[in-house]
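Per-chain numbering from 1; labels A, B, C, D, E and F assigned in written order.
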Amino acid sequence: MPILTLSQMVAGQEADLFLLMTAKEQLTTREGKPYFRVGFRDSGREVVFPIWDNSPWAVDCRDKWTPGAFYKVRGVYRETNYGPQLDIRKIRETCDADAADGFSPTLCLPQSRFDPEQMFDELLQIAGERIAEPALRGLVEGILTENRAAVLRMPAARHNHHAFVGGLLEHTLSVTRTAVYLADKYAEYYPEMAPPLDRSLVAAGAILHDIGKLRELDQRPEGTVYSAAGALVGHLLQGRDMVREAAAGSDIPPESLLRLEHLIIAHQRLPEWGSPKPPMTPEALIVHYCDDLDAKFAMMVAILQTDTNPGPVTSKKNILMQHVYRGEEGIRD
Amino acid sequence: MPILTLSQMVAGQEADLFLLMTAKEQLTTREGKPYFRVGFRDSGREVVFPIWDNSPWAVDCRDKWTPGAFYKVRGVYRETNYGPQLDIRKIRETCDADAADGFSPTLCLPQSRFDPEQMFDELLQIAGERIAEPALRGLVEGILTENRAAVLRMPAARHNHHAFVGGLLEHTLSVTRTAVYLADKYAEYYPEMAPPLDRSLVAAGAILHDIGKLRELDQRPEGTVYSAAGALVGHLLQGRDMVREAAAGSDIPPESLLRLEHLIIAHQRLPEWGSPKPPMTPEALIVHYCDDLDAKFAMMVAILQTDTNPGPVTSKKNILMQHVYRGEEGIRD
Amino acid sequence: MPILTLSQMVAGQEADLFLLMTAKEQLTTREGKPYFRVGFRDSGREVVFPIWDNSPWAVDCRDKWTPGAFYKVRGVYRETNYGPQLDIRKIRETCDADAADGFSPTLCLPQSRFDPEQMFDELLQIAGERIAEPALRGLVEGILTENRAAVLRMPAARHNHHAFVGGLLEHTLSVTRTAVYLADKYAEYYPEMAPPLDRSLVAAGAILHDIGKLRELDQRPEGTVYSAAGALVGHLLQGRDMVREAAAGSDIPPESLLRLEHLIIAHQRLPEWGSPKPPMTPEALIVHYCDDLDAKFAMMVAILQTDTNPGPVTSKKNILMQHVYRGEEGIRD
Amino acid sequence: MPILTLSQMVAGQEADLFLLMTAKEQLTTREGKPYFRVGFRDSGREVVFPIWDNSPWAVDCRDKWTPGAFYKVRGVYRETNYGPQLDIRKIRETCDADAADGFSPTLCLPQSRFDPEQMFDELLQIAGERIAEPALRGLVEGILTENRAAVLRMPAARHNHHAFVGGLLEHTLSVTRTAVYLADKYAEYYPEMAPPLDRSLVAAGAILHDIGKLRELDQRPEGTVYSAAGALVGHLLQGRDMVREAAAGSDIPPESLLRLEHLIIAHQRLPEWGSPKPPMTPEALIVHYCDDLDAKFAMMVAILQTDTNPGPVTSKKNILMQHVYRGEEGIRD
Amino acid sequence: MPILTLSQMVAGQEADLFLLMTAKEQLTTREGKPYFRVGFRDSGREVVFPIWDNSPWAVDCRDKWTPGAFYKVRGVYRETNYGPQLDIRKIRETCDADAADGFSPTLCLPQSRFDPEQMFDELLQIAGERIAEPALRGLVEGILTENRAAVLRMPAARHNHHAFVGGLLEHTLSVTRTAVYLADKYAEYYPEMAPPLDRSLVAAGAILHDIGKLRELDQRPEGTVYSAAGALVGHLLQGRDMVREAAAGSDIPPESLLRLEHLIIAHQRLPEWGSPKPPMTPEALIVHYCDDLDAKFAMMVAILQTDTNPGPVTSKKNILMQHVYRGEEGIRD
Amino acid sequence: MPILTLSQMVAGQEADLFLLMTAKEQLTTREGKPYFRVGFRDSGREVVFPIWDNSPWAVDCRDKWTPGAFYKVRGVYRETNYGPQLDIRKIRETCDADAADGFSPTLCLPQSRFDPEQMFDELLQIAGERIAEPALRGLVEGILTENRAAVLRMPAARHNHHAFVGGLLEHTLSVTRTAVYLADKYAEYYPEMAPPLDRSLVAAGAILHDIGKLRELDQRPEGTVYSAAGALVGHLLQGRDMVREAAAGSDIPPESLLRLEHLIIAHQRLPEWGSPKPPMTPEALIVHYCDDLDAKFAMMVAILQTDTNPGPVTSKKNILMQHVYRGEEGIRD
């Protein structure tokens, strides 16, 4: 039996899969028939389906299966109007030996298309090259290095955009690249600015703008949730906290620190998006636009990939709350 | 010559006054005539008037008078449609000996009608009696005591409400009294709440909700202005900073600290008023309402006292952006 | 067989219950199977479940059971993901003799936790003590006394808050208590107000602010609905009507009457909440805040009691349209 | 010396005029020079100008001239960038004999271009012909007849539109004509409506939609102001009061009365324009549109007549808060 | 067997029908049972129901039935809480011979109650009589005549109002009639306007205000959808395009053309409704109001006909997002 | 006497200047004193000052000076609180010979800091290199070339940003550079997009997004105003017109043309900013962000250069309607 991923399967095909259990919920049909609604996923797709009372798996499901655990599953793939499902033929928890067949827990979660280690190194390199002021550079490098493990894994959001392993890093690197480009450009356009545009600050701010997500979100195998502090305070303020904690005792000039704090809390611009202040410095303005475009672009790409509305435009029921044009050449997968 | 205050004078009267110079601006009339626009104030009133080029005070005004300095002035009081003015007959800077005549710098600024020392003591007493949890009580008492001098003087805002010496304290005490009353009331109404309403938290939150104004505002003799950090970050976040700094190393339960931080940043409720999160706990909800009513009530009282619009209602051009009803019995001062 | 209430039962338990039928709807499954969806409730809980075509109760349900009627039911209690349900074993309409077993129609509706008679007496007492102006006091006492029966029973709203027998009274008394406290407080804070804060008006306004609900809502055993005039005109205007009708021919000073009318129509403050005018008097401002806090606090308590979202915060899909923080100590019932 | 009106005069011309004094305000220039700012008007134009301290009229102005009184003035007309002014040569209060020269107090206020008596008769005639239900017709005719004197004079608003003697009547008649036309039209278009479109109600509602302005506004010679009740309650509710008072004891069907009350309070549609309910009946929808168009059209005509902004469009600083296109053919007067 | 329409049938009745197939969707129940969801309609009603796997029609449905094709169906009519359904007894595609029994494709779509040919002629007649300027009249007549076939059939919108064959024409004629009435009226009211109200422009603008719908919408037998250009550009701009194309090379005065273009793009007034400019001319203002009322009135009539909410008002879940009053006399069909 | 520009002069200095007259308005002081308010400017600064009745220039000013004409002026520079002014000593219209002293009309208007010819060439070069599709490239090159003269001169707006000669070109080039950078970047990030990101379209759209300003604005020596069509239709639609006119008869694929038209009308994103549709394609999204950032950045730079508010932040009364942080290092010119 071949070992495949869910994305590789076609309707009716049988194969072995390494899957993460994402959900198990005890429910009852309107007619009173009890069943479990279970979910499994690997890096590219998720299946959700019922285990009926009279299924041969009913007892195991109830007593043994655990969300957050990993399973080797033999199953037949089906496509229904309730989404993709699986007929389970065999199932057992994964074991060490499965590594030989290519199993690794992180392979069961959606992943950035880019290598996290490489992205991390590039981010560090930009910090090293683009932040001229030593104390500020030290602060940025310090925060990255100390949170390396979390930065390599964290998604950028629970649902809205870059919601996959390494998503925060992918988004941050993209924002930083654009921000560095624009800082150079506008510093050249407006040499008369007083004080001059602070390119170090733009780079530092772009790298750290979403760093508070490390505290706001709580990443678990079965899904990412808000931490209590994340819900009550939010990543803008938490990111500023991380900067202030790292700056304590450093030589970073107070004016630079203040502008960096401001940039972080202002980067969402609108109060209804959570920013208590709008961007009040040119540096904060640049980072806001880089961030906003990168998130909105990712959303639009995702909408074009997943929307199934017939006709030339997608439905309006998406994260952008608007139609997106698919075009006549658009091929939906 | 009697020593009076500006509020005691009637049009045409001459007297000696102890005044703070609040403004000196060099201007030119449309016809090209140069003059200085100067301002003086004591606790109850401000006068603003021109010193023309041909005035006997023109040279002294230009070379010697300094905003923020205190003067003994002999003058004749006038009322004009540009507001109250003063014809200066004599003027000199105040000296130590003036104390014997009752001069004190704080008498030249608008004051709370209540004694700051007494208000401060009452606030400390409420903290002592109403905050059951010792570490939380210690944190509140510590913050108050360490900032005693500033708390005794600070206004609650630059213009909007309680904009006078001791205004922050007056507002805070009023909010705290109402909050304590309501916490008792609703704890009794809803004994089934789980967790129960945290009355200690309500008291602590009410006392500290605006504490960040000590960092947001910069109180100078000639007027209160925003500090750089106040403009870029704001008092909600700065108040939370003060609490976090004071809590470092203390025994305060993390859950209590988090709820207190949330209460402070959420107390203005609406994002467009600067709160990045709405009140998400019953305690934060109570403090928000106490604060909002106290501020709005003070605004309405001030509008009724100062508006000069004819007819039964005031103008809409005020801080509430609405008509206020003066009533037929209303006597305008 | 024990006589219990729905709230006392655990899954699988059988007992006798006195229940009000709240709904009977003839429906068809997607597969074309016809059934009745029926609802029953007592003071603490409601059960909704299907009566299938092949049920022994199918004919009785169709021909005899009537929404709004009361039944003695023997049933087995079940908990499903469609909410609590009941397996009916026996059912008959209630009769006079059931009173001996503790049955009373009002016991089948959710009730205020406070005794209506006692709340009514306290409200009257506040009117008597706190409204100094005799004609105004007479007007308030008259309206309360003439509508005593309705006031004792009416909910404060159909769904939003205090939606139970006596809810209007519970809410009104709570608002009045806070309003009286705040009127005393602010009258003392601002003795210079001209005209002085009218504490009689605050008490009268707090007592009558929602009185129009007696005309807006139509309370029936099976649920509260809007009356035609309630839908087309609304309780703010209807409450003002009741005051104007009661004031006709009385000695109430026109200025007091006008301020009271204004207070009632302005108490929701925002035009989008139905107030054609914002609070334009200090008295109206106070009553608005007391009312708004009392309603929002009740909503937040209810959300914390009923939300079943996992994690530290509730869902946003509630009457406040925001997350509420449950906290780590929070125990959900 | 010819007797003219202000509109007939050209710059530099001298003439006799019958004028109403509209304003007298005691002011001081920035340089301390005292003066009176006075206003006079007749039906077509207003002049506002200073009476300086050294004017021969200074003492009379201070001691004798009274806003609201009528004067025969001989003056020279001037046009300045502060608007049209008058050099007074002679001035005395009007006397009975001036009637012989054509003076009448109402000639000193801006007037509807249509004869009020004739408009009133036409409105009564429409009520008689278009309101089929006798009790409803009687109610409308009764309200009009009892308020005949006020209806003949009242403006439709203080500033916004139809702000002249007879303006309420002109606006009401125009709205009623359109409403009657549309009621006939849509009754014919949608004969299947159940209940059928109530054409009597449309006519009655159109005639009475703004009747509350008689109570909201207080028309004085020197200008129209809000009454206290107008400010605190507003003409929508006051118009409904007038209808309810007139309906007391009549045979008008409760359903018709309720729909009429609703139509009046809903005719401004948006809550921010003061309507506590949107139009919820087809009849209310029709009257809203007739009213809104008639007011907006009058505003646009007035803007085109008075705006002096250069270029193809008017300024945005007008009651519609938008540019209006003047066009190349547009000739400004 | 009688030949009926769906609207003529009562529950349980069997008849022959000529129907258009509107939908065929392959679905699966939650339990994994596959089925087709099919829809059929004639001019007055639509039925939607499942074809189960074990139905005798399952194979034909899968292989032969085609949305957009016409069928002669013998069926039994059923009413369920999922809406009206049909038990198919016989089914075949229509053939030429069916014309003898009254079949015509257009009879299978909802129709305007008015004869399209007659409406078209009246619209042309208004153009001929009411547009005085020859080049403008020629332009309007030309556009109508060249698009005659499409104008006779097009609905005014996909769902919101006049969503039936001839709906655009019915709406346009109604708007034009009112606009012509109002243009005459206001031209008479304001003879002093400079330039005078352009009645030709009002008529032309009313006739052409929605003409861009011919390009925005793509009318197919199975339903109307947005064209790609309609989605990306919209009918306001497309209507202006049609006018500009028709005007190329004509003698139409540039000022008239410009005002007509403006009228078309401004006729929805609010930017959030798609108008890039508000009505800036009196002519555009009139057409906006005629259009808005005609659409809203049709919506309200439709809501009253279709809403099934119990009680005196409809649900708020409708295109107007508000309650509509049904009234006590209201009989729901 | 030296020949200087206004920006080179210091208070009290006398020099010769080449100036454009920008304004001449006949006014009267409050005291009735008549005067002319005149304005003159060169590339870097504008002076506005009164010519009094008794000035030696009064008659010449009234009879000869003309806004839009150029003058050689000898004057003394003064700085007042009404802004910079000039005491005219000599004045005459410029003549051909002045060219020898460096006079050229365009030097009297504010200029882009970049050479227009060079910017134009770069824009053409980008079009040539970055638009792969030949017909689309031809269309863009054609529009640029045909409008070369206007493109070289036009400002990007009347006031808001880039309001100087060559401003439209400077802004367009900056937007295009960023857009080309981002198109490359996101095409690389999302290679799986179907259809792939159209980089030609991004380049074409960036170049043409504001091209309609050539029709919207009417550039005159004395200032830029809206054309009639600009006011009634606006540059978004006018830019789309220019593209459609240029595309008529070309081989440009309809799908590309449609996407380009959409990009232009959607580039301001929000309906309240004039876009009838939001960006519905990834290409339109990119251009919107490039445009918005470039405009906002220019506004913020201008605010920092011109605001004179004391303290760490600027006033809120600016085009961004918010405070901008000046910082402690900020030196105001």
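Please note the rule applied: a residue touches a chain if its C-beta (ideal position, glycine included) is under 8 Å from a C-beta of that chain, and two chains touch if they have at least 3 such contacts.
Note that this is a predicted model, so its numbers are computed, not measured.
Steps from subunit A to subunit C, minimised over paths through touching chains, total 1. Common neighbours of subunit C and subunit D, listed by label, are B, E. Across the assembly, the mean Cα position most removed from that of subunit F is the one of C.
One of A-C, B-C or C-D repeats the interface of A-E: more than half of the contact pairs, counted by residue number, are shared by A-C. For the pair subunit B and subunit D, the distance between mean C-alpha positions equals 44 Å.
Centre-to-centre, using mean CA coordinates, subunit C is 62 Å away from subunit F.
In subunit F, 228, 231-232, 255, 259, 262, 280-281, 313, 323, 325, 327-328 are the positions where the chain touches two or more neighbouring chains simultaneously.
Interfaces, counted as pairs of touching chains, are A-B, A-C, A-E, A-F, B-C, B-D, B-F, C-D, C-E, D-E, D-F, E-F.
Within the complex formed with subunit A, the subunit B residues making contact are 228-229, 231-234, 236-237, 240-241, 244, 255, 258-259, 261-262, 265, 270-272, 274-277, 280-281. Against subunit A, in their complex, subunit E makes its touches with residues 25-28, 30-32, 225-228, 231-232. The touching residues of subunit E, when paired with subunit C in their complex, are 29, 50, 52, 80-82, 85, 311-313, 323, 325, 327-328. Remark: subunit B residues 174, 177-178, 181-182, 185-186, 189-190, 192-195, 255, 259, 262, 278, 280-282, 285-286, 289, 292-293, 296-297, 300-301, 304-305, 313, 322-325, 327-333 touch subunit C in the complex.
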